[in-house]
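Two complexes follow with chain A in common, the first pairing it with chain B and the second with chain C.
Now for the complex of A and B:
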């Protein structure tokens, strides 16, 4: 497990790995020379691991500033003859798409594998995107592993395929592969002798006449797809009902067929390559089937393409019937094409198609209700001591003082939770990386047309470097008026604390030059202030002051992520002096607990007074300064401020 | 009793409690004992106070998918009472064994006064009525006593190891833990693990229920 399993050099041994570790291991076994990524769940741990191992296996690894730059770097290394891997989430593919579509047209030299971690159900994403549509648009073959074991093996095979056809290849994983763990059989880590160079006569140029060559390459893959070793069929020959599936959904389909006792009549065709389709394999199975059932995540990508293929062979396949998202048979609780698959959804669909009875176990909800009428939901919240909670409270207070209904534009990171209760419902827009700053540019130009509300954009430090800088240049150039608050917690917190250009450290752990946010803003000629958000009163005054003048302004609120700050150091104890807290007679309406709502500020029901959960508290001491009675005290350690 | 064809174990709790590490230790101990293991984890909400669940599927026969079907958990290891109950409702059945930490972690809606946290005794009663056995322990307090306030996960791992659900000796788990930590940190984590082992060994209810 973990990092250590990546180092096992005993070919043939079975070790526990996550899908992400398996991809990293596969890349190392494939002898990569270059790896790049911008952190995004569910794939963030791939480059995290590769960065730690780059020195040992003599390849280069970087956290790039964004996915477009990451892809361009990896493509260049491929042009120079190095096997390269580039890793991102679907939103990253959106960012990189312009370059991706061109690189696939110009062609490549050494294998270039794009790992995309789709997040069905959006466990750690703002949206739920099926990246396969974009990968198809970019004329890339799409490979889909079903398990961590396949993820490792397919990574190796993806490099071979990419090199053979000179196209970048997509390895499309889903959260239930990336974040799943399973037995992975490790192979040999071969020593690689690399001499990167670009020949004098080599050219990698995007030009429209290469479109025909690009299509020819895809046709070549189409012919190879039937022999792709990761396609699998399980079930009786000439099955009347054929399940067509890929990725983690295959595992659910297998379990559902077994649960329903339909092993004797339902066949499962698992596609290891979902674009281009293995047409002969599909047509061969479809010819003898009466019903085809599609099980996939998230949208009906395979379903649409297979139905398209079937339409071309209508006479051979008649009277075949299709069941899936389009027919409404394969649907989770929110409807077809929305959310993850699981064994029950597949079992319900197959039961309906095959005419057998099945309903998922009801659970013990009814029995529990008699004793516990309600099991409260657990909303996401800023961690105890999170500087963002203090920052949002200060901005909220400053806007209240200002009284002109200031508009707050959000962005992508931990602080996206500012749309909810933990950020006092402050954010009014959330879209893509850096988009709040671009939108602030627009609103900040509307004063002449009657818009008289102050505009505040809130963006994190890593997001600032990723995509906010062009918007800031635009703001200065076009004289837009708004306040950009950069919530600088000195890390990429949301995805697991990866380094960024403001930190002075890179993916391989080297010390590098720091590019603080304020230097970037100063370089653009934009007035910039830096403040500690733990000083809530000072921050509130500063935000209020900055809202009173015209022009583009930047405020950096800098304080390390509480989870990092909590590590290692001896911190003081923060506690409520219950002699001083007067509970509900205070008139503060349980401020620390119900309003500021830090998860460590709980209520002592017995004494009807505030109390601090010292197991949860990260000792930030912000509540000490906010308690109107001064009842929260600090003991020992160094006091802040 | 013959070993079931698949053990479906759910480790459940709140982000930041170390559930993922606990599930990885259990899973690695099983892989090192020659099992096929699949783990499905949702850690997008980790560290941010959301519900976090790991599904661990352990079989001598084949690799299962990463999600346990509804009603099919054989064992639930709950790091927090409310999360234990939340998990039992869809995934448990009358044959499910439950080991639960008694330390509550309050959801935001409870903090702000919109919801009330159910009484612990009612939670225990509801779980006991809908499972094969419930062992409830003060794992967080045991971790604090062992000198590792953040070692709840190790205490719970120890309690699971000692419950005899899997035919894997505690030494195998300890070997996995030894590969993760060094020096003083290893000693502290092993102390927490052993505190869990000891607590479960002392539990009379479980002794009667063991199969």
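Now for the complex of A and C:
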């Protein structure tokens, strides 16, 4: 299971792949000419892999600065006749929506597939969003694979569908499909022999009279949907209880029905296309059913649309009862439409609907239950040595010194964890990529109306390029007063260290020109300072001084992500000299362990002194400078500062 | 007995109430209190109920007579100027200190002398360009001391450097400080051993106190630089009723009344304009700009001054008879003003004085006038 599986050129062979790899493989088999993405979980690995293979299969791949630009590039390649794929997370669809809705209206030429990785339960997202509503809004067909195998096959089919109807097509995956591994039967990797060009008379114009054509295209898909090969029905004919499901939820439904022993009674209709609906298929099954149960993630998208369809055919379908999120029957612990599905939730719902007994498996035995309270509680925390921890401590200190209750606006990235204890609860707002900077623009204009708190926005380097720049232009133009702190760890850390425009490297591994944050800010005429956050004292003082003056200011706190830095040269050993550490006699109240709380600063309970977990420690040496006793020492290697 | 107090009390009673004198000694004592620019703040609650930060603060409860006994081993006779062995005019005999220093350059000369004699291995001073808020400097040689020469008129929290210096391995320090800073150092030296006992306690070898009737908010630097018209400020002085700034192209006077609104409110409640608990105190003469007033207070202060005189580092002459009453008058008036303010309920009531002390201060009023 590695990207090498994507290179297997033996059609018919079954290869173990993740859902993300399967999508990449599907794209290669479809002969794409263009791939673009902004890194986002759970689909970040797709373009990562495509970037590595672009040279081998002669297509172009890029990490774009944001999803809107990514989509626009892919659309342009489609206009020029190249199959193109664009990958993003649901928040990315929010960003790209303006273009998406327009491109869908103008129409496209070669197949354009938008892969969206929804993240039910938000395992690696700030919010939980069901992108299907937006894809429907943009008049796109929505395909939902349930397994890695389907992910690959549907990718291929999506290109064909897109090309046939001249609409972008959404391939909606969820985390459990993206990250699960399964057998994928590989097909032929077709040699691409297309010369991109836009004909002299070709036009791709968004104009309102094309709306009718757009609807006609969707109707065309609606008619095709019944024949969509990825719809599947399992169960008795004329089942009285019909489960309607799609995507990973299908797997849970199948397991639950088996668990309850209802295979002979309950039918499962899995939709391979969730918009437009395969209406004839649905109506046929619903006609004989008395109960319809909807199992899907996250929100009741299929449920609403099927109920709408059923309302149009009420007389044919009566009597028919609907069970799902709307009725409250299908609900996780946090309520309907919130969080992931699992076999247990589905089994509970089906048992209630079918009137059978079901008690969920105990999960774990008593001895394990006794252990659970003894497991130490762990906060979400920055990695050991993470420069953000030092940056947050310095900014917090500077704001306390300033004494005017400075407001800190957060953003999207690893540093979003700054809302919690690991960032000293510093962030007061978190919304979307770059939104902290836009909000700072607003607060920074309120001084004349009595707002006398200094304003600090904190963004990561990748977020800076993604969405902070327009806000920064706005700030300078409208004379807004705030400090933008760019936490520059020289990578897109949160999604797996993808490159960005400040790094001098692109998705295909080529050396490219670096565009450092400070050059961009300087170009806008904004005063900018660059500092190393590991110098906590110096950073504190610098932030403090920057807060004392008016105007838009940028401070770049630059220090490589500790996880990348740890892989480099031999690092010195950082250790606590327990002769010097005086434990609880110090008066620091275990500062390194309890307050600064780097995960490597642990407590030696036996000696009642600080100690460093040298397995976890990334050798940043920040705690060396913070220990009031000077008890943390460095041995060997290259020392910092 | 009252509850033991710690950092949250310090924040509430001193920092948030505006009583903080900005001495800086609590900053760097632990990782929770920091200093930057001319501000000191508790940046994060330490979680401990009591702390030495509260005990050593010059603006928490201070028993003035107890301080006399502890620092000098005796009660004071002079309730205006405190314990002293000599009050003289003094000046540096070394040209560099005399030229760079304020007035007679005695502070620079003595600090450099202590380093050169090996009596201390570092000196904590306020340094940096004259037209900017000063920063703490730990000087380890004569040149570094001289680079800090010249008076500063804002309250920089330079004592945070005491802890930094000790952490960096300097085990014997001279400290030059304002009266509030001297008091903080002496309160620190009186701490009992226990949790949070600062390693700096026994590292402060010699304390040179400055005369200070008030200090200014950092806004003064904007004003000064505006008046300097963009030129680099070489020296700042307050000879009489003017604040004088010197630049390469000459000097400019700013009337003191223009500066007065920038006086730190906390300074209006300061009972000690002459650094009563220092080993020696140094100020202007308000009479002859070539000389300093030098008050020798402790035995150690006397020893060092004698040695400096013997080696031709400084020279002293008798305090002019006719000038002495003026010094007493200025100091006493300040003290009486502060007592009045404190009695009217201003400030946190840091000053613990017996009725006898107050009476003595009033009584001696006639004596020296």
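Convention: the second predicted complex is superposed on the first by the 625 of 641 C-alpha atoms of A that agree within 3 Å, B and C clash if a C-alpha of one lies under 4 Å from a C-alpha of the other, contacts with A are read in each partner's own complex, and residues count from 1 in each chain.
One rule holds for everything that comes next: contacts are C-beta pairs under 8 Å (C-beta built on N, C-alpha and C of every residue); 3 or more make two chains touch, one makes a residue touch a chain.
Note that this is a predicted model, so its numbers are computed, not measured.
Chemist: Residues of chain A touched: more by chain B or chain C?
Modeler: Partner touching more chain A residues in the overlay: B.
Chemist: So in the superposed three-chain picture, is A:372 touching just chain B, just chain C, both, or none of them (first/second/both/neither)?
Modeler: Only chain B is touched by A:372; chain C is not.
Chemist: So in the superposed three-chain picture, is A:252 touching just chain B, just chain C, both, or none of them (first/second/both/neither)?
Modeler: First partner only.
Chemist: Considering only the touch criterion stated at the top, classify A:41 as touching first (chain B), second (chain C), both, or neither.
Modeler: first
Chemist: Contact-wise, after the overlay, does A:430 reach chain B, chain C, both or neither (first, second, both, neither)?
Modeler: It touches nothing on chain B or chain C.
Chemist: Have a look at where A:338 lands relative to chain B and chain C in the superposition and call it first, second, both or neither.
Modeler: neither
Chemist: For A:580 in the superposed arrangement: first (chain B), second (chain C), both or neither?
Modeler: In the superposition, A:580 contacts neither chain B nor chain C.
Chemist: Is A:616 touching anything from chain B or chain C once the two structures are fitted on A? First, second, both or neither.
Modeler: first
Chemist: Who does A:594 touch here: chain B (first), chain C (second), both, or neither?
Modeler: So A:594 meets both chain B and chain C here.
Chemist: List the residues of chain A that touch chain B in one complex and chain C in the other.
Modeler: On chain A, the overlap between the chain B and chain C contacts is residues 594-595.
Chemist: Any idea which chain B residues touch chain A in the complex?
Modeler: Listed in rising order, the residues are 14, 16, 24-25, 27-28, 31, 36-45, 47-51, 63-67, 69-72, 82-83, 85-86, 88-93, 103, 105-113, 115-118, 122-123, 125-126, 129-130, 140, 144, 149, 176, 179-180.
Chemist: Taking the complex as given, what residues does chain C use to touch chain A?
Modeler: Interface residues on the chain C side: 28-32, 34-37, 39-44, 46-48, 51-52, 163, 167-168, 194-197, 199.
Chemist: Could you list, by residue number, the parts of chain A that touch chain B in their complex?
Modeler: 1-2, 4, 14-16, 41-42, 119, 123-125, 147, 149, 175-176, 179-183, 248, 251-252, 254-255, 259, 342-344, 347, 360-365, 367-368, 371-372, 374-383, 414, 417, 421-422, 563, 590, 593-595, 597, 599, 601-603, 613, 615-616
Chemist: So in the complex, which bits of chain A are touching chain C?
Modeler: Chain A reaches chain C through residues 396-398, 400-403, 424, 540-541, 544-545, 548, 584-589, 591, 594-596, 626-630.
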